[in-house]
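Multiple structures follow.
What follows is chain A paired twice: with chain B in the first complex and chain C in the second.
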Partner chain A sequence: MQTKNFASWPIVLVLTAISLPLAIMYASLVIDSFTNTPAGAVLPNEFTLEHWAFLVDPTITGNVWTVTFNTLIFAFTMVVVVLSVSATGGYAMSRLNLPYRRFFLAGILVMHAFPSVTLIIGVFLVLQFAGLYDTLIGVILVKAALTLPFGVWIMKGFYDAVPWEIEMAGLQDGADRFTVWRRLILPQVKPGLVALGVFAFIDGWGEFLLPRILAPTTEFQVLSVYLNNVSVPDSVDYDFNLFKSVGLFYTLPILILFIVFQNRLMNIFGGGTKG
Partner chain B sequence: MTDTASSSGGIRPDALVRPADPASDLEKAALKGRPKVSLLGLGMLSPAAVLLLVFFFAPVVLTTIFSFTNMTSATGISGGAYVLSPNLLRELERSGVDSDTLAALGTESVVVDQESIAAARAAGVEEDFLEEIEDDLLGVDFDSKQDFERALKDLPSHLRRTRDLKLAADHFLVSALNTRFATRAEASDAISALAPDIAPGTRDRILDASYTGWVWTTENFRRLATQPETLRLVLNTFFYVAVTLAFNVLVGLFLAITVFYLPKGTGMVFSVLWLLPRITPVVLYAIMWKWFTWDGGFVASFADLVGLPSFNYMKGSVPTAWTIVILVNGCIGASFGMILFSGALRSIPMQQLWASEVDGASRWQQVRYIILPQMRWPILFVTCYQSMSLLSSYEQIWLTTNGGPGNTTMVWALESFRTALSNYTGNLQYGQGAAMALVLVIVGLVLSIIFLRMFRFGELVEKPKIEF
Partner chain C sequence: MQIVLKDFTKSFDGLTVIDKLNLTINDGEMLALLGPSGCGKSTTLLAISGILRVNGGQILFGDKDVSNLPSQKRNVGVVFQNYALYPHMTAFENIAFPLQVRKTGAAEIEERVREMARLTHIEPYLDRRPGQLSGGQQQRVALARALVRRPDVLLLDEPLANLDAKLRLEMRSEIRRIQLETGITAILVTHDQVEAMSMADRIAIMDHGRIQQIAAPEDMYHRPSNTFVAGFLGNPPIVFLEGKAIGNGAFESASGMRMPLPERLTGLAADQPIVMGVRPEHFGVKGRHTVRGTVSFIEPQGRETHFDLTVAEGEVLRSIQAARTDISLGSEVEWPLDVDKALVFDSEGNRL
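And now, the complex of A and B:
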């Protein structure tokens, strides 16, 4: 809200001051990946593309494209699992009569509120027993399952908002519940599916802990683990600029996704997994 | 389940649609007041139910179960075997077990049969030599290893070098030492065979000590309750959660309110900048903070330039390390708070603010008397949600200070994770880690239930509108 009664410059000043660290960090992420800075100086003095050589030269950090492809597969499969399971589960929760429905819904809510990272030791043991430890499929299933309470809950919210007259009309015309869901209701909740899909993709793309812990030695490496390996600051010839270009490369897709879907995402971002 | 929710919530669907056949199952069920269970619903729900059962419920159960074991990566996960190692015998002797018994357990005997010859063949002992052993010595008893070696030397094609001969002889030695017995009964039989006079109590004691798998124990919780380290972890965690939470809520509120008062374009710049920490992948975010505060990084260089002490701010000293840890997590939380508070701010009726401005209220008075009272619920929500998420999150700390310097910025969640899954000594203590995680699981469960009660949980789980 803005009125002419108060000047806004003092606010801008204070805001700028507290935002400075973040601004510097993100600005330098972009600037430093294209420039060189002499040792000890704060400002860069030359433009260069050498930090981006990792894109074409696999000797620097290994082949980044394979890793990117892995990450895409990981995030995309996870999105498919989350979307399909949440779309069906959310509908059942929202509109169908089930035994122990209240109990199940309460369970989903508690799981949604419950910090799932504390379960990692238990999940590790489950994967060990199931023989899925150190496999791609295991990590995808775990990641998807941990996102599910959120997904089911969000989708239930979208289904709840669909006027049930639409559904009644379909039923009166002789369609069964499944047809009604698929032909009439699913198109109605498309915004929800898109938002949840993009959210899950961003979430999966950024996931680090699960692949690192549950699939440590597998051939399959995702960008988050790759980036972490590139940037071990304790090594002597540590290259800050390299990690910045790799990092920028890693973040760009989700920044673009976020900008494109910003308005749809904001509705569900508030209830996200980690605050 | 009763019909109260739906009868108060709107028109009942069957008031609109009468089933064609009045005697249908549907009608009967409705008459009994118990709607028909939807098979489609069960089918649609089952994938979610299975996944949640396997990856939420089972981990909670396993965490609980294994917190009562001494499971480590040395004992393995699926159980172990009974092994009498020389080390174990020495330990038992020290702890007062009769040394004659132990000597009996340690004796070796020589057995020449098809099995041991096959074993020697598999190990690559010369074929001619083995054939002679088979012909001359099969089934012969020897009192000691020396006798057996002497007999071997008498064979025509015996091995020239004494060392080779001794190695070949080893394949025929049988001992309870270092043999893996799969079951307790097998191990018990072996011990009884070697030391027939052993007292049952002593035998059980040896068996217990020789088991390599995990066993049930409450030692994990006893250790947690007695070691001084626990108190420090709890205090650290409490400090971390309290300060970061305060940062989250205050900065989040400040950002939301100031952006609310700014012209659209300027406000947008700041809200996008503060959204970034929440969208940026956690690894990159953590590494950016590392760059910012490491030696040779931005803060160090800048401090050098203006004459302040220049060092690794992230790991160099305890106060700076804590500051960084709190800022790293605080910015993500502030971003979360800002989103939620901004949403809540938009729902405040503009007229109230305009009216107050006509009446000459200052900005502070608007915030204090109009905005804050209406933000009570969002603030409470963010506080609850964040306190739980901070209590259990360790990813950012792990990737930045990793608890350092020393263990000064170590929190409970990170310590339990490190104990169970990521320590550098190599022996991962699943049992101890699970016990620590169990504490968090219980606290998390209790808090989430309290917090759901607070936010009108009953309304959230209301019955569906179309219920057949």
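And now, the complex of A and C:
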């Protein structure tokens, strides 16, 4: 039990005030996607599902489910790649006496400091050279590579928090280094893996720039790009309500994930000794 | 099993911390490695366990040279200071882990874990995770895990340091009981002289990577080989008076205080610089010599009282006596000193 040294209501009040615009926007987004509002009016006057028709009628915007499936594949592949490399790489960074370990650590931090946009030209050239430009694999590799410094760094932090003695005890008990890692150490960093996995999923789900730039013509379309294509504000048949519905559809999984995992996501910043 | 260290040498980054250490631990005995922090006792322990590689010399388990074997291939059980229990496993799974790694059959695992649990009195707690156990119970689980695969030697690294005072007392005798019941050879690393004295058959006292003396606890206390050992054992500690022999079986301290030498050392040549060591229990109770002084510190301990007696400028004798309240701070007293029990060291610090 934590003792309270001060009342919590002022903080709640301030936070509410700050997040009020966001809450209002979200509420209006939800309401607008289910209603029609006469031109010039503030309040909607009728309930309708027509803005959601794109879910079942491919003639409106193309088949949204294929795109959703693509996005899921993209996000899940991200999770798998980021988790497997971070779980092993973070361990190596934390525990193994690697040559150039300090250099690697510094490199990870530097990589972490650059936004992906600043690297896009170099990445483009590399992909072109490797023949991976305009392919799904290429986008996944680039996206994963850009997320990895963060992932490895976070996992290193979690591994650092596991006492050396547990590892020593495991070796003494007769287990080899890999068994120790898999059966004794990995379970201790599970909170980190869960948080990182959710983070990687959200990150992959939300990625727009890389697929847009590195795979512009491919058949493989993800939701972010799809959303961008749905409504072109300059066109005649621009449907703002459709744009809102698709946007909401796109945001929904993230919101759900966030609600389910919000406590575990905070682990990333807490270092992760307690779950 | 007999454990032998032969010219064991260990260095870290070129800095030699232990140079040619020789030590034999007899079969079935509990040997305490005692010393201040940084003396190399934990390094020695980790080298025996195989976690640290040796830089020179040999480690023998019985006749077998294990110097270059990894931890997994040495049959050593270790209890770490923080127990290092696996937090995501129950007590049962913790104890079973060393057997599972060896691919022991489920039935045998069950049987041997139960047997260990009986020995260490943790049967009711086997389903709990370490976080749900008290410090003493965690310690018992750690012991059970170390012993379950019948190791050649049991290593205990400061096993009582994380326990509160009452549990420490209990676990002290428990660990000893378990060691005696299993008849296992054990090495106890500790910086606590009371632990070492009360648990071990023999004590090896270390300082700066060297073994200063190996002896049975009583023997070491009464016949320390040098001033380091004499000063490390005993609480409150021994008092050293520097000075010289002045012939006729007498000693004169730096401040000019004179007292007779012990019977056995009356032949010391005059002017030989020596150090007298007086343990607090040998001052203030009985003896053939009396010392005058001013009481400069009183510490009641319930059953007994500790006094500091300033006998001269910069020279303080310590006394431990059955509880008494008739002495007040600053009073002048004249107390007997049992000079024959006093320890005498030469200028190098070796006992005469």
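Here, the second predicted complex is superposed on the first by the 244 of 275 C-alpha atoms of A that agree within 3 Å, B and C clash if a C-alpha of one lies under 4 Å from a C-alpha of the other, contacts with A are read in each partner's own complex, and residues count from 1 in each chain.
The rule we apply is simple: a residue touches a chain if its C-beta (ideal position, glycine included) is under 8 Å from a C-beta of that chain, and two chains touch if they have at least 3 such contacts.
None of these values were measured; they are calculated from a predicted model.
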For A:Val152, select first, second, both or neither according to whether it touches chain B, chain C, the two together, or no partner.
first
Which of the two partners, first being chain B and second being chain C, lies in contact with A:Thr59: first, second, both, or neither?
neither
Quick check for you: in the superposed arrangement, does A:Leu15 touch first (chain B), second (chain C), both or neither?
first
Kindly classify A:Gln172 by the partners it touches after superposition: chain B alone (first), chain C alone (second), both, or neither?
both
Name the contact category of A:Asn263: first (chain B only), second (chain C only), both, or neither.
neither
Let me test your reading of the model: by the given contact rule, A:Pro187 touches which partner, first (chain B), second (chain C), both or neither?
second
Does chain C touch more residues of chain A than chain B does, or is it the other way round?
B
Between chain B (first) and chain C (second), which does A:Asn45 come into contact with in this model arrangement: first, second, both, or neither?
neither
Where on chain A do chain B and chain C both make contact?
168, 171-172
Along chain B, where are the residues that touch chain A in the complex?
1, 13, 16-17, 35-38, 40-42, 44-45, 47-49, 51-52, 54-56, 58-63, 66, 77-78, 248, 251, 254-255, 258-264, 266, 270, 273-274, 276-284, 287-292, 294, 296-298, 301-302, 304-305, 327, 331-333, 336-337, 339-340, 343, 350, 353-354, 357, 363, 382, 385-386, 388-395, 399, 413, 416-417, 420-422, 430, 433-434, 437, 440-441, 444-445, 448-449, 451-452, 457, 460-461, 463-468
In their shared complex, chain A is touched by residues of chain C numbered 49-51, 70-72, 76-78, 80-82, 84-88, 97-98, 101-102, 145-146, 149
Could you please specify the touching residues of chain A with respect to chain B in the complex?
1-3, 5-6, 8, 11-12, 14-15, 18-19, 21-26, 28-29, 39-42, 84-86, 88-89, 91-99, 101-102, 104-111, 113-126, 128-130, 141-142, 144-146, 148-149, 152, 164, 167-168, 171-172, 177-178, 181, 202, 205-206, 208-209, 213, 223-225, 227-228, 231, 233, 240, 243-244, 247, 250-251, 254-255, 258, 266, 269-270, 272, 274-275
Inside the complex, what are the residues of chain A that reach chain C?
163, 165-166, 168-176, 179, 183-184, 187-188
